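The structures considered in this document are given below.
One chain, chain A, appears in both complexes that follow, with chain B as partner in the first and chain C in the second.
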Partner chain A sequence: MTKLFTSAEAHLKARHRSEWRFRWLGRLAILFSLGFLAIMLVSITLLGKGALSRAEIALTVDLTEASTLEDVNAKKTLRNALFATFPEVTSRGEKRALLKLLSPDSGYELARQIEANPALLGQSPTLWFTASDDIDQYTKGAVDITQPENRRQLKDTTLGWVQALESRGALRSVFNTAFFTSGDSREPELAGIFSALVGSILSLTVCFALSFPLGIMAALYLEEFSKKSRWSDFIEVNINNLAAVPSIVFGLLGMAVFLNTFGLPRSSPLVGGMVLALMTLPTIIIASRAALRSVPPSIREAALGMGATGVQTTFHHVLPLALPGMLTGAIVGMARALGETAPLIMIGMVAFIVDVPNGFTDAATSLPVQIFLWADSPERGFLEKTSAAILVLLGLLIVMNLVAIVLRKKFERRF
Partner chain B sequence: MAQSEITLTGRKRPLEKLIKLALFLASVLAIFVTIGIVLSMAFETWQFFQRVSVTEFLFGLEWSPQTAIRADQVGSSGSFGAVPLITGTLLISAIAMAVAAPTGLISAIYLSEYASARVRGWAKPLLEMLAGIPSVVYGFFAALVVAPFIRMTGGQLGLEVASESALAAGLVMGVMIVPLISSLSDDVLNAVPNALREASLGMGATRAETIKKVIVPAAIPGIAGSFLLAASAAIGETMIVVMAAGLAANLTANPLEAVTTVTAQIVALLTGDQEFDSAKTLSAFALGLLLFATTLMLNMIAMRIVNKYREQYD
Partner chain C sequence: MTKTLTAIAVLALTTGAAAAQERIAIVGSSTVFPFSTTVAEHFGKATDFQTPVVESTGSGGGLKLFCAGVGSDTPDITNASRRIKASEVALCAENGVTEITEVKIGYDGIVLANSVEAQRFELSLRDIFLALAANVPDGNGGTMPNPYTTWSEVNPDLPAINIEVMGPPPTSGTRDAFAELAMEGGCKTFDWIADLKKKDKSAYKALCHTVREDGAYIEAGENDNLIVQKLATNPDALGVFGYSFLEENSDVVQGSIVNGVTPEFEAIASGDYPVSRSLFFYVKNAHVGEVPGIAEFVAEFTSEDTWGEFGYLAEKGLIPMSEDEMAQFAEDAANLTPLSLD
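Moving on to the complex of A and B:
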């Protein structure tokens, strides 16, 4: 008797242990995914933090001879200012290295500062200029100066000058507004996301303007007007399949049809938006149909009973009730379109875009494509720019999804 | 006094007819898009097969699409054997599925059978966040963090790991498709009638036994459907492989080596300046058609299985 009990008890214990193991396996599976997510977000945040600041160097420029902006030879003025700061530098090679302390665009910066404050003319003011990428990285502590000289970008002579500037208080770190206000650049310290952001906004505008109305119309037809038939089944299967087609295939379609057959401008937000619209359409149709289905039949019956026609019932009564749900679906679809990269590469939105696109047919790029382009650049400065651009992109996605959630909460009704 | 006429037939409303027609046309657009995809790619593919034979494309073992700039250049013809691309795609997708299938399924089981409403309330949206992150972000992370990490770990174990290994791309892709499997499997598991659960628990089975022997078998078709959809997403994924897998066509089953995929090649073939008529450019469309056909087939099967299964318990 007792023997039977002990064997049953042992068996039961083993079963409970296996139960416990299984439960922990489930927890581990979830923790694995979430841990990956956390590591990814934290490492990108840590990398991207640096892009928010930028090193600047103070130089006393001699503008005593100039009375108008045209008199100023910005390059020469800056060169002289640098030589005056470091009078001990005489050899040609060292002089050239000295000039590399400043970012290549600092001439424009001087012109801009004079333009903003003409009173500087005729004086010799001390102004701040963007430092070059190497110096920028040094101030952020990204340069390991304990390494031997030949294994780092920043050479010892330059390092000496930078430390001299630092001790004089002529080196500072400021908030990098340029990252948010300027376009792409070959120089990481000057590169910004603004033109890519505008490109994304333009593409999404086209995408929304096309896919939202068309998606609603298709959903209205399928839910409210079509009779259940083989034809409507066929349309439905088609839509579900399109939702799962790889995005790069849409890019190929856009390339073959929009660019080569219709001859629309390559690299433009117009074509980008059209391709994204084709991709988003199934998502919006599916969400819109769900929204229409949640409107109870009693609303339709009441309207029809009062003598409204089918079209009146749909547009006066059903559509207004379903619209918030549709909009929620559309925002989620737009968020996905915002992160889409591959189809935009296909239609040529991978160009090097410095200027902010002015219209739907200008050459443009988009935020995710800009990330892709920067990710390929070897400079350390671009690494932080890439990460920071990713953070901006993720921030936008979070905002869009939050808006969708808030909309859903606000307009959610139970009938 | 004129008698007002009452017509019961209603007035003709041409505008309404027009509106209905417009709605109908909008819904047919989806079909036109599908037809457009097939036709545009079929046309370019047909042109491609004028230059390169179908057998070479489908069974050739060598992929080097460089066409010469000058006619007398060595190796001017280029070779278009897609087999290394297909095996590369399958290798990376298999790695991704090896990560995503168990993780996704077990997560779904935990969330639907064990987790309290509170845990479910925050774990599910967080998991779904993984699906909402753009793939270019995963690609960046794979190339910057995961690939060097695997290379370093491999190096310590005395293994030769390529800097753009299939393992890194597949691993990261696997995490990306976890939510595809977990959310669909979660729905499927929730659809299993409670009667089955209660019957098994009532017979004295533990919860784990109930899940393994009753609920999962009952939900197998739906789970299989979710696996197929995830596999199709892995095959069609582009940015991760473009950024983290190599471009060199390599016929190997070793996950530590660099391989290339169909999607990565399409991007490589079509970026930059190219003349539209060259075999090199056209081959991208042949690859695209192959990709479209494969994923379409997987999706159709998956959706059919899932729908059939849903009807079973409705």
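Moving on to the complex of A and C:
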């Protein structure tokens, strides 16, 4: 061995050590971010799982006098059923408290159950009704009953009734389908995500229908047809800048142009989708241009060499190869649009909407807006709804990203 | 692709024509929002009309939209946590909104609350002003930057803990009302400041309404739930928010006694609790009859079962008016008596 090698050996150890250090730093960084993600997901899931169940109370309702649905005064029937269950309650104040065991919607629930099963008329069946949010919170263990009475929402008398119902087996917890099938409500036990979900899907449909074709056209022209000039540079710089503009600016633009000038309906997914399309357009153009650039020039040259025109070359050969990349870009842009609230504030989609929107011009809201509205509500029961809505939003985002990955894997061609 | 696009465009246009002006559009105050949405939901379920759309835009923002004109693209009703200003009435009139019905719906108390783990505060309006104003009287007829760091420096009866109050930012209506009712209320207990009001109104307002910015008052954002959660973990801090949040979270926070009155339902309703304000909504008379259901919605809002002492809004934290006042406003609302500011 010569001296030359020994000196290198001493250095080698130090170089290996530094490489080892760098690798571990990288791993730590990944571990750290994964840890945060895990903490976030676990805490949201723990908070949100309560929204999946709902407390119900069984009551024996007297329908013996009624022969049609119109004969039934639902609210009164339920009132009497409650008073009959707790005959010891006589004072007016206590009766009022007793009525609050049930959710304000229980009258409609009774009507629906009779409608679904007219055989109930003339009987006195025992039916289940949604309990109020205080009772619901109690069954989920969210009420600390060891605290003194004046420090909790659920008072001792009510607690006594609830425990009596519990011991009688007249209190149960069921899967909360209403959360996925109904619209917003001011009562936490009735509030659902469906209208916001439909609103989001409608807005995204409009957004995709507008921004995807427009984005691809713009990218194709800029990349394949336009000549490099000062103008094309100017346009390119502007598109890149637009991608970085804060989303609220697009909301203001949407309000000024779509609502005030064109007179399109406020709070509608049509306008929401148009504003979101403005926002995602630059992202799609940039991603599409990158996809076009990754198509090898030999493909174009071969097509042109065989006598194809520019348009034929582009649409028959280049576009099909670039499409998976373009779709991925579009879906990532859509996923960003799905999480936006700021531009929607200006066009009136931050609103309380109960009915499920049945068209592009009907009033609608969106998932992130629903999360924001619930997070701002005073009732304790909305806490779990907020977390559950976040989970739904995350689920939708994951699905969209999965679609992007699948499309890419399926159509991708490597050279 | 072109076919689907045309299909979507056609669909959008046809549904647009069908859906136009079927719903009542409501905008306005975030404080009235929980009450307005509750009535909207009841209204939607109990009648054949579509559920109104309620937007939370803030009182000022709501009135601006409301006064933008008459027609299907402007809101029918706006909520406000303060009375409409003369300038806003003028703006409305300029844009053709000449007849507005004012409906007062009740009261809202603003509370100063702390964690139930800590001792309940007993404050006077003067204490609140001295603790939170940017400038305070120096005792020689002038003012000085607020020197107080602990409550006991403000008033020896109060605990010796640092002044730490979490409240809404200046954009909030709650903050406006807090400045006007609590801060100004304490401010004018100094005779010379009360005299100043007559001489120099803007100096008076600047002195009484400016909240200190040295860290004792923490702007905690518009989300009152966040303030409640922060109070639960920090027993030394106080928070400023609406009464409905106190009521819903009575297991976590307690309201401070102000001028000897505890913020409770009865005390706010009777007007004994000093920091309470009126809540309103305004109806565009020109839209009644044009948009189906406005008159019915107003009737629903002004019924005893809704805004009365045992109505469902009281459960949501609205403090009802006295019987006489209620009858008066219900009558004005039913007749759509146009508002006149005198």
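In this text, the second predicted complex is superposed on the first by the 379 of 415 C-alpha atoms of A that agree within 3 Å, B and C clash if a C-alpha of one lies under 4 Å from a C-alpha of the other, contacts with A are read in each partner's own complex, and residues count from 1 in each chain.
One rule holds in what follows: a residue touches a chain if its C-beta (ideal position, glycine included) is under 8 Å from a C-beta of that chain, and two chains touch if they have at least 3 such contacts.
Quick caveat: nothing in here was measured; it's all calculated off a predicted structure.
Taking chain B and chain C in turn and counting the residues of chain A each one touches, the greater count comes from B.
Of the two partner chains, neither chain B nor chain C is touched by A:Ala388.
Of the two partner chains, chain B is the only one that A:Val257 touches; chain C does not reach it. Contacts of A:Ala29 after superposition: chain B is touched, whereas chain C is not reached. When both complexes are overlaid on chain A, the residue A:Val350 reaches chain B and chain C alike. Once the two complexes are overlaid on the shared chain, A:Ala375 sits against chain B and chain C alike.
Contacts of A:Asp105 after superposition: chain C is touched, whereas chain B is not reached. Across the superposed pair, chain B and chain C both touch chain A at residues 350, 375, 383. Interface of chain A with chain C (complex): residues 96, 100, 104-105, 108, 143-144, 147, 150-153, 185-186, 205-206, 209, 213, 259, 263-268, 270, 348, 350-355, 358-363, 373, 375-380, 383. Residue ranges on chain A touching chain B, taken from their complex, read 15-16, 18-19, 22-23, 25-27, 29-30, 32-34, 36-37, 39-40, 43-44, 214-215, 217-222, 225-226, 234-235, 237-242, 244-250, 252-253, 255-257, 260-261, 278, 281-282, 285, 309-311, 315, 335-336, 338-342, 345-346, 350, 368-369, 371-372, 375, 383, 386-387, 390, 393-394, 397, 401. Across the complex, chain A is touched by residues 1, 4-5, 8, 11-12, 15-16, 18-20, 23, 25, 27, 30, 33-34, 36-38, 40-42, 44-45, 50-51, 53-56, 73, 116, 222-225, 244-245, 247-251, 310, 312, 315-317 of chain C. Per the touch definition, chain B reaches chain A in the complex via residues 10, 13, 16, 19-20, 22-24, 26-31, 33-34, 36-37, 40-41, 43-44, 102-104, 106-107, 109-111, 114, 123, 126-127, 129-130, 132-141, 143-145, 175, 178-179, 206-209, 211-212, 229, 232-233, 235-239, 242-243, 263, 266-267, 270-271, 276, 284-285, 288, 291-292, 295-296, 299-300, 303.
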